[in-house]
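One chain, chain A, links the two complexes that follow: it is found with chain B in the first and with chain C in the second.
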Partner chain A sequence: MVDTKIPPGAADRTGSHTGKSPAPVKGSKRTWATAASGRTAALLVSPTLLVLTVVVLYPTLMALKESLYGTKGLDPQTGFISDTEPFVGLQNYADIFGDAGDRFWNAFWNTTFFTVTTVGLETLIGVAMALIMHRAFSGRALIRASILIPWAVPTAISGLLWRWIFNSDGIANALIGHQVLWTTEGFHAKVAVIIAEVWKTSPFIGLLVLAGLQVIPKEVYEAARLDGAGPLAQFWRITLPLVKPALLVAVLFRCLDALRMFDLPYLLIGAQKNSVETLSMLAQNEASNVRFGPAAAYAVLLFVYVFLIALGFVRLLGADLVGDVGGPARTKGKSRLRRGSIRNSAEVPTA
Partner chain B sequence: MTSTAKWRTWLLHLGVAAVVAYCLAPFYWMLVSSLRRSSDIFDTSLLPTSVSFENYRAVFSPSQGFGRALLNSLIVSGTTTVLALLLATFTAYAMARLHFRFKRLILTLIIATSMFPVVSIVVPLLKLFTDIGWINTYQAMIVPSMSFVLPLAVWNLTTFFKQMPDELEEAAMIDGCTQGQAFRKVIIPLAAPGIFTTAIICFIAAWNEFLIALSMTNRPSIQTAPVAISKFTGATQFDIPFGSQMAAGVLVTVPLVIMVLLFQRRIVAGLTAGAAK
Partner chain C sequence: MNARTSRVLQCSAVLVAAGLVLTACGSSDDSSSSGASKSPSFSGRGPITYAAAKDSSGVVQKVIDSWNEQHPKEKVTFVQLPADVNQQRQQMIQNAETKSDAYTVLSLDVVWTSEFAAHQWIDQLPAAQFPLDKMLKPTVQTGQYRDNLYAVPQSSDGGVLYYRSDLLKKAGVAATPTTWAEMKAACAKVEKLPEAKGMDCYAGQFQKYEGLTVNFAEAVNSAGGVITDADGKPNVDTPEAKKGLDFLVDSFKDGTIPKEAITYQEEEGRQAFQSGKLVFLRNWPYVYSLAEKSKVAGKFEVAPLPGLTGAGSSSLGGHNVALSSFAENKATALDFMKFFTSQDTATTFLKDASMAPPYEALYDDQALVKQYPYLPVLKKSILNAVPRPRVVQYGDASSAIQQEAYAALNGDKSSAQALKDLQDELQKSAAQ
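For the complex of A and B:
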């Protein structure tokens, strides 16, 4: 079944190369010939790269091109109805920063506001959850099972669920004893989206931080206790610095995910609502109205925004996404490896 | 036990209860609401006054086309998962085991693509698919879904393959296997749990997709379950059928919840792959 992808000849050829290679030498575990393994690797990796080129790179370039075209319809200069989309150069972008600017900047600030508030709250709640889970010995299975539930609920379903909770006659209003029209335009709509988003995603941060907590050796805490460090000092001086790498990766992922938020505000509040419209919603709305040019321009701007945030993260904080994929050569020189990995991650976009 | 230690245990129990309540309360509310009669749907009691399956019957009434939507979801996410795993298994093996130039760069690139905003892929593809008549087809949903499922699969599997000791292949090759045979006969069977976990995580990611399915379809018969539920109609145009939406939400979520409960240990390991080193 799965092996059909390797042509038998190729597999045998590389196999015979590696088969003849000498027995492993002490100190370097993997001794496969570079040329042969390079060829095998090319064979194994290229299908994935090909698919990603088709489904990611090509559409991205197409969006870039599309953003330079206008919409079909009446040509203001000739008075004819055109069947093709006219080339308008940078007009779509000029509109975004000029006439259509209000809607764009509103969506831009909504996106930014949602990202900052949700990721901030998620980090706080997630770290608290991880600390509790790490300490809890009884009920660990229960807590791990329940923490996966928000993650497993489809975002679209959670949007509908929270719309029901925030309904004017719903449980949220019954609990606070106030009549708030959550799903109408206004700041409360933002609050509703933030609550729903934080509920769904803080367990994810909790899980990642817990994984980070579990690799901290107990001896470190014992030593700190002997030196007279209280629980608070232990948290700030030991726990936080040591889970920082795991936390940074989690925060980076959550930020990039929050920047493309679509399902939740779309279903919880609705399309074309100023209070919650994000850049993704704006681009999707334009595209579904067959205004592909402006839609592509919004999409490109969102892409650039996400890209800059990711770049900033990697540069400033040195978030190492890939981890150590290297072989024997990387075991020494920790600091060099770290710097190298940062540079590599930062190179991604320019390549 | 000293009194401070007792206090701590109590506080910890309280914390555990708080976390569990936080995670389960909204989901519980969906379950309870789905079991109410439409006459007392606005009740706020914690238990339904009388359990009724009225909403579930409404979900499966032929006018909503929910059964078809479930099938569509299954086809789209199933195909996406299988395709992604087929490609990712080989790539991840190369990433974990072989040495070649630009490996780090390629892996970073693959992971970076999963962080792309989906909408910047959907907009141009929507235009392309409109031109070539792919709107309202399965492939119009499967192809864009690959953009985030494939990187996810590669990343997860790479971590799993890296955890397997090199000696496995070396022993197989000393016994006369070629590298291809070692991969086929030793690595794949031993990596089966990892591949399975990755399959679950990928399937859930594809199953939960909404933006692509919403944009690429406009005919109800091809819509996936999340899109279909969001378009459920009530008795009148302005009457949102909360009861049947909650019931359908439960139906869409329960398979995932069961999978999660059965394989929680592995899923947690898969989700946190790469984060903690």
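For the complex of A and C:
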């Protein structure tokens, strides 16, 4: 591997914040000051924590609680639905292993399949886009802007646009010269969703990778060229390792997004189509049929699934999401660069 | 790092505790008010609201304005809900689940009555106070749950058969087909004409959505079958129902219905008919005025739906108005509902927004028939109509129908197997 040590100037530019948390100094006065500032800090973040409690924690706990309740029953005598939902414990969760589980597992595999295929394709195309956007050539601004257009189109609109394209006498069929009924059940429906999803979200990965590319110092490439590395070697040994942190964050974000995919298959193919039903669509369908218990259980399972994937990413691939919790085991230069690049890239999607 | 971790744990423990307190607060009033009174009293006067789909014609606001002029102290506010029916239903259910009084009078799709009534989200209404005897009987049935009135018909709708009268005439088909066999025979003649080259015979709505439920129910009913019997029990695994489903399945197989019709909703079918690709089309009356402005203007006519041995029966569309159980000022609301479902109001809706009225007399009004030539056919269609299954879990029933009918149309299942599975599914859903 090419040595990726970078000049001290660059390190300061990218990661100067790392030196700002000095070890606690011994001495009562200093400790008192730290405790006081800690209290001030707690006070200052408390509004945020309160908001998070109300908008994140409370709904999550309510969903957990709701998932333990069953469906309201119908009284055959009066013809009225009972007022209260029966407490069923973990029955809703146990049901996915029973008869009603077929639909859940179908949705589960659809979700997983879509995530793996779309994120895989998006990564390849996104990196290619980033490499193109990174090149200096005339009309670069135009190319960058046009690559970003699909990302700017709201998913609902792009779902409708692709539905026209995949219509029985739409453009897609005219291009391939053969009538495929894309919106019917079958593997082609999955293909339609994957094409539309990849079209829409590859620019996202492209954008984050571009931000990662821009913080790689030119000197590294110059040194590689002097050592006689060809373009392919430069890509594999310099570009890819250095852009990996940004790429991992992008892929993680996309995975989390793809796992809760809802609107595109819903609009493009339609609700309750077994071929494309995802976990989010299943939960929505249950909720819309006034079965809030099972709906909440599916939503909780999706939440756990997403959580495990995120955790796996952080653990296995070392995606350094929270810059400040960097482990001491890493070499200094590397972790500085990593933090710097993520900080830069993480600002992009919110802009 | 350890110290940091433990602080994080502490923080989250506090948060969890706070959340639990909130949860406890939230759940305290769960099981308090049980069993709403069976005979609601309509008391209280004052401002109310009317919740319905977004109205692009502007007639609803016009009608409400005329009410507001006469009742300055009992004004009605029009709450516009999304145009998508599922979203309307969801917003109304959310409103009911939180026992909010934001919506007073609800505009319900005809298939929601049972569900809303069984959940006691809407009040039972005094049937004697509405002119139900002047309305077409099937429309009134859609507002009933267990023989009690819960919703009053405001508009109706039925399926009709659009056909290319010019081509039928040229091919020497004298009488309009009234049975499926006659329709197929007429198609065979028409398709020999040089100008009908490449045309397909028939289409309806066969995409996997509510439209498929409608078309399946029509096929089954037109062959003498039922989906649910008079007591609301599923009874779809019958030879009659099989004949109905077989008509659709065989038509797909022999090309009477084009292959791509499996992706058709209302609009795709209308476009195919308007561009001259179809001889026969099953659709709603709204197509009439649009087709009059298209390539096929003056070349088509409407007829009642065909059936197995005679005229077929349509599914019923349309909207009813109901009174939210959690609303205030119910006396005003009841008066407004009477006004809103009156024959005068229905005439306005028909004239200005071409909404089919529930009142029988309007279908025979010569001036109106001149404006809407399809009215006599539509009247027949509605009179022969069978409401879609009136079950509490309508969403589940409709999903099951779509699932099985779609599998049969695609050839994934035999029609006998599909009906057997559908019967099982419907029984399971009814037992819940």
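Operating definition for what follows: the second predicted complex is superposed on the first by the 270 of 351 C-alpha atoms of A that agree within 3 Å, B and C clash if a C-alpha of one lies under 4 Å from a C-alpha of the other, contacts with A are read in each partner's own complex, and residues count from 1 in each chain.
Assume a residue touches a chain if its C-beta (ideal position, glycine included) is under 8 Å from a C-beta of that chain, and two chains touch if they have at least 3 such contacts.
Bear in mind the structure is a predicted one, so any value in this text is a computation, not a measurement.
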Message = Taking the superposition on A as described, I'd like to know which of chain B and chain C A:Met62 touches: first, second, both or neither.
response = both
Key: Contacts of A:Ser280 with chain B and chain C, given as first, second, both or neither   = first
Ask   = So, does A:Pro47 touch the first partner chain B, the second partner chain C, both, or neither?
value = first
Query = Which of the two, chain B or chain C, is in touch with more residues of chain A?
reply = B
Inquiry  = Quick check on the superposed pair: does A:Phe262 touch chain B, chain C, both, or neither? Answer first, second, both or neither.
reply    = first
Query = Should A:Asn289 be classified as contacting the first partner (chain B), the second (chain C), both, or neither?
reply = second
Ask   = Touch check for A:Met129: first (chain B), second (chain C), both, or neither?
value = first
Message = Touch test for A:Gln179: chain B only (first), chain C only (second), both, or neither?
response = second
Inquiry  = With both complexes superposed on chain A, which partner does A:Asn167 reach: first (chain B), second (chain C), both or neither?
reply    = both
Ask   = When the two structures are overlaid on chain A, which partner does A:Ala246 contact: first (chain B), second (chain C), both, or neither?
value = first
Remark   = On chain A, the footprints of chain B and chain C overlap at residues 49, 52, 54, 60, 62, 167, 169, 288, 325, 327
Request  = Show which residues of chain C lie in contact with chain A when the two form their complex.
outcome  = 1, 4, 11, 15-16, 18-20, 22-23, 26-27, 30-31, 33-35, 86, 89-90, 93, 115, 117-120, 145-146, 207-209, 259-260, 262-263, 268, 392-393, 395-396, 399, 402-403, 406, 410, 432
Request  = Please give the residue numbers of chain A that touch chain B in the complex, ascending.
outcome  = 2-3, 5-6, 8, 11-12, 14-16, 18-19, 24, 29-30, 32, 34, 37-38, 40-42, 44-45, 47-49, 51-52, 54-56, 59-60, 62-63, 66, 125, 129, 132-133, 135-136, 138-139, 141-165, 167, 169-171, 174, 199, 203-204, 207-208, 210-212, 214-215, 245-246, 249-250, 253, 256-257, 259-260, 262-263, 266-267, 279-280, 283-284, 287-288, 292, 295-296, 298-300, 302-303, 306, 310, 321-327, 341, 344-345, 347-349, 351
Query = Which residues of chain A touch chain C in the complex?
reply = 49, 52-54, 57-58, 60-62, 65, 71-74, 79-81, 83-84, 167-169, 179, 181, 183-185, 270-273, 285, 288-290, 325, 327
Remark   = In the complex, the residues of chain B that touch chain A are 12-13, 15-16, 18-20, 22-24, 26-27, 29-30, 33, 42, 44, 86-91, 93-101, 103-113, 115-128, 143-144, 146-147, 150-151, 154, 158, 162, 166, 170, 173, 177-181, 183-184, 188, 204, 207-208, 210-211, 214-215, 226-227, 229-230, 240, 242, 245-246, 249, 252-253, 256-257, 259-261, 264-265, 267-268, 271-272, 274-277
